[in-house]
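Note that subunit A is present in both complexes that follow, paired respectively with subunit B and with subunit C.
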Partner chain A sequence: MDISFDLLLNAIFSGLLLGGFYAALSLGVSISFGMLDIVNIAHPAMVILGAYLSWWLNEKFGIDPILAGFLLGPFFFLVGNLIYRLYYDRFEKGGGGDSLRGLAFFFGILFIIEMILILAFGVDYRNVNTSYTDKTISFGVVTVAYRLLIPFVISVGLLLVIRWAFKKTYFGRAVSAVAQDPLALQLMGVNPVKIKGYAFGLSLFTAVVGGAMLIIIQSVQPSAGREYIGLVFAIVVLGGMGNLTGTLLGAMILGVAESMTATFAGPSWAPAVSFGLLLLTLVFRPQGIFGK
Partner chain B sequence: MNKNRNFYLGLVLVLPLLASLPFWVQSEYFFFAAYSVLQFVILAVAWNILGGYAGYVNFGSAAFFAIGAYSTIVGYKLHFPQGANILLGTFMAGLVGLGMGYITLRLKGVFFSIATLAMSVVLLTIVTNTPFLGGARGVYVIVSRESPVGTGPYIHWLYFLILAMAVVSVIISRIIEHSWLGQGLMAIRDDEMAAEGLGVPTLKLKLIATSISGALMGLAGTTFPYLITYVEPTATFNLSFAVNSIAMPIVGGLGTWIGPLLGALLLGSIQQIASVTLSSSWNLLIVGGVLVLFVTLAPNGLVGFFKKWSGK
Partner chain C sequence: MLHGNFRRSLLIASLAIMGAVGFGSVSAQEKPPLRIGFGMAETGAMAANGKAAKLAMEIWREDINAKGGLLGRKVEFVTYDDQTNPSLVPGIYTKLIESDKVDLVVSGYGTNLIAPAMPTIMQRNLTFVSLFGTAVNQKFNYPRYFQVMPNGEDPAVGLTYGFFEAAMQASPKPTTVALVGGDAEYPALALEGARINAKKMGLKIVYDKTYPPNTTDYAPVIRAIQATNPDVVFVASYPPDTVGMIRAANEVGLKTKVFGGGMIGLGFAAVKKQLGPLLNGVVGFELYVPEPTIKFPGVEAFLKKYQGRAEKEGVDPLGFYLPPYGYAMMEVLGTAIEKVGSLDQGKLADYMHKNTFKTVVGDITFANNGEWKVGRPLYVQYKGVQGNDIDQFRKPGKAPIMFPKDLKSGELRTPYEEARKQ
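So, the complex of A and B:
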């Protein structure tokens, strides 16, 4: 009994850490899908792109991968801004309702990113080793690896900073306003397209930082993003659309559920957990556990 | 009526030509390529029934295809004849389509899309963990080397089968387009609330559409095990089926029976050529690139081009 209790405790703990990291992966989708109503199904592929670029900067110049992620962030922000301009021009300007083509657009982007990564870097798994990746720290019976602890701290920190910014800054309030009533915002003299462009840029900023952390947690290959598509949307739906605190809690729940499944039923069942939870949420509580 | 006569007249002229290919084309590879293109014709036409007419994006084509393929595996293990396996797979995929529609179609369209993707992964995980279906290692299917109708190698027989299935799919899609079902689905696409208000039974129509669409995708998968003779989950649930079945109708022209057909013939053939001349990684890059180009620049697809060009 003792051993299985330790096992349970360790599973819960590593689930929480993993969940914190999942929060960073879902943060961008929570912004783009939850607040801007843009279904960026290519978000996880952009995370993988970020992971590869961080790996490349580490390999070439020896920059710490997480630092590399933050250095790449502004560049991703700009690209996100441009993508939104194109998206707006093609799919939103005509009065919306063209979500079918918008969805197909991002689905196409997903495959373009994957194939460019395959052509540029090959299909091999890549990983980064830093001074801290193999270290662990013990609290009683629970052992925690730094490679999980550091991303956890950064993810939760990033989420809290962005949550604070959405509540307290002018830009953040404008984003919330654009989600609720773009016309009213326009009448107040704010350009909703500009605001949404910045917000979408921010969502890609979080994608590259998430990717940089992913590559120190585990090895990455070009189509690894597919595994996270269901995960991130499950977390966002579970947490309630556009609710960042809900996203964090949803991520923790999924992290623990996955880690328990992997420990007690075998890792091959883990992918079904997030998707299964997503299906159940959609059927029984489409507004999310923490939604209104 | 005139249009109907032209369609069936065209079919009567083209079909014997396509069906006679095994008698005068020597290359066996040609039939593998033709099989692959026709398989995409079925998937694209099937996707269009829900996606094109009703405007609901299904990301789970690969899952429906795999249901067809794995139903065949079950039938094969129970020593069912091939015809029974084809019916079984089609029926099962239609049933899952109905169930899928039932639990998600009352939600906003986007949730349906995400749920279809989710279903794909759940089914993949279940198959990977089910030893009877071969698990992650896969399962072998033994086929005879000769075509049962005596024209040469077995691939000729598979070619006849997939050709017949493709023709049936196109005819079904065309009948739907010109019936109350198609009209109702297009009303849903244009304005679901208004359609509902005018007394269109939206949920019922959408459920019929998901069932038929799913069944046809399953149909495309039922002969897949006989083609590759070794079925394993990652190849069967391949997302390339999903992206192709979305890209082809969009490139051809959404919401018309001929659009997916044109798109599948064009993109399917380009991919066959690219696999031979470049490498198969290029396939998905081409499909993804063409998809993004068409949705941003030519929202009405090839059909839209032809209409503009002929001044209609």
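So, the complex of A and C:
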């Protein structure tokens, strides 16, 4: 195939937008897995739960799904806090070392969420049509769909705000500290369990916002989250564990790699190229492209 | 004495009559139920269709039991959720046959979940009626396999033939085609058939690639296709990618004469609702549409029953795609049992091979390989779809049939970039 400039430019932009959305999905995992060392395998299922609840608010009250996602955020934050307390009591208390059982715990949550969604909403595909879903905007030769542009903008914005909060606020610095040395933090008079609970709640806040974005990008069904499990963990590892900027850039690298491969080599090669990049990173830079 | 004899005789006669009537009725009541077992995708990626199919099969069971059951026995179902997971299927069928000791088994929904059941079924020489398996028997060549989906004797070719016949109605005739589909079993088969059909029609293949099923953005795929400037774009997809490809075609502004293909999902109410006017111009695959040329006896009554329960069950509210065929599959099995008068697996298979079945999806005659002798997938072109209300699809006119010719109810509009604006 001839590589035209238009095609190349569109492929790069498509990849960046896709990467922005992937970053929103991975942000919570970057916090829970990268910073708190909690393998929340149910995170994508929580994204789908967020997508369904956003859909429901849109169906019942006509609320824009993205706004619905932010409205649901505080509720998810509290639920995340409670889940972490339970996780801590059962698996972390007394020195931890029970990560396999913890993993099974989150697998259980994944299945419970899927079953709740099936019982509550059925198994049909759900989606939200907004006024901007099928519209596009052109910048010269580049055409961009609003359903990808809006999640991109919100995702980058959310990530920058969280990154700022982690660097500049007491809570953020406490989360960073708990990831490095919880005992030292305790000696400073801060309750690491409380801090980790808040941080885990924040990761679920990002899950519901990611779900709200997902429902305008594509239709979802209860088990749709399983398709994203590998992707979100790969992005977090690629960008560097717990490095939020790395998560954003890692997501964009995978997005652009996927888009370029789909355009010029054949879309079925896209996962091979993406995960090939991950393997190369693990071999030559195990701490991730942008480090911890 | 005479009086005493008479009384004794009367007593004996009464007991005899009571015995005959009483024991007879007890015996009828105690006839064990006829148990039919199957796995069905009630969770997982194919659950939306699996649950709709199960509801249709339940409606058949209620209908047949209201008529007195089969062979004088009430029909019961023994079912398990296969979770859309092919690896669970052999275990489910082994359990149904060996542990639950069901009288008969039928398949769950879809190629990926039918094929894994085949070795278990074949080892026991069971007659197996299946629902929407594409070319499953191509490799097994099992003589007691029967499939209910109107693909025709050569499923891969028959499934997509109609699309190419419809596309060739364009004027001037197309000369090039782009083929694209998901990396999964059904799209692979559909693409295989599409290549054969494209060659038959004299179309030059200018793009022939697949994409991973969990692709999020299809715009790069559509742009790559556009770069090859094909007259026809054929897509073989499952519901999520069907939506993604149509959306991307609209966003990119795909310029081609005919766009569509074997896109599963277009028959689902949820996909119709989601896409709304984006469907206009697409030449897609349907199995039932309420067009005036298509009248299967009993289908409307069935759909009325189904639609009355669909919302409560949380399944496809229109039920045009799979449910009538789920009901028809059970009609085939039920008719064969009634006509044969037993559950002899060999006799049931013989009967199915030799006879035509009247069902809610029309007459079904099986070829030697268990597929329909004559295929009949409907290729329609969506027109005049406005807004996202699914009720508009309950009436004729929104999906006129382009193929087969005997059911044709509209003319093809080209090129796609113009047709999609109407």
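Structure notes:
Keep in mind that, in the parts below, the second predicted complex is superposed on the first by the 264 of 292 C-alpha atoms of A that agree within 3 Å, B and C clash if a C-alpha of one lies under 4 Å from a C-alpha of the other, contacts with A are read in each partner's own complex, and residues count from 1 in each chain.
Keep this in mind: contacts are C-beta pairs under 8 Å (C-beta built on N, C-alpha and C of every residue); 3 or more make two chains touch, one makes a residue touch a chain.
Keep in mind the model is a prediction, meaning the values are calculated, not measured.
When both complexes are overlaid on chain A, the residue A:268 reaches subunit B and subunit C alike. In the superposition on chain A, contact is made by A:229 with subunit B only, not with subunit C. Contact with neither subunit B nor subunit C is seen for A:212 once the two complexes are overlaid on the shared chain. Look at A:129: by the touch rule set out above, it reaches subunit C but stays clear of subunit B. In the superposition on chain A, contact of A:115 is made with both subunit B and subunit C.
In the superposition on chain A, A:66 contacts neither subunit B nor subunit C. Contacts of A:286 after superposition on the shared chain: subunit B is touched, whereas subunit C is not. In the superposed model, A:101 makes contact with subunit B only, not with subunit C.
Contact with subunit B, but none with subunit C, is seen for A:278 once the two complexes are overlaid on the shared chain. Once the two complexes are overlaid on chain A, the subunit A residues touched by subunit B in the first and by subunit C in the second are 114-115, 118, 227, 266, 268, 271.
Within the complex formed with subunit B, the subunit A residues making contact are 39, 41, 86, 90, 98-105, 107-112, 114-116, 118-119, 226-227, 229-230, 233-234, 237, 266, 268-269, 271-272, 275-276, 278-279, 282-283, 286. Per the touch definition, subunit C reaches subunit A in the complex via residues 42-45, 47-48, 50-51, 84, 183, 209-212, 214-217, 219-221, 223-224, 227-228, 239-240, 243-244, 247, 250-253, 268-271, 274, 276, 278, 313-316, 388.
Considering their complex, residues 51, 55-57, 59, 103-104, 107, 109-111, 113-115, 117-119, 121-122, 124-126, 128-129, 136, 239, 242-243, 246-247, 250, 254, 281-282, 284-285, 287-289, 291-292, 295-296, 299 of subunit B touch subunit A. Partner subunit C is touched in their complex by these residues of subunit A: 1-2, 4, 7, 10-11, 14-15, 17-18, 21-22, 114-115, 118, 121-127, 129, 134, 136, 143, 145, 147-148, 217-219, 221-224, 227-228, 258-260, 262-264, 266-268, 270-271.
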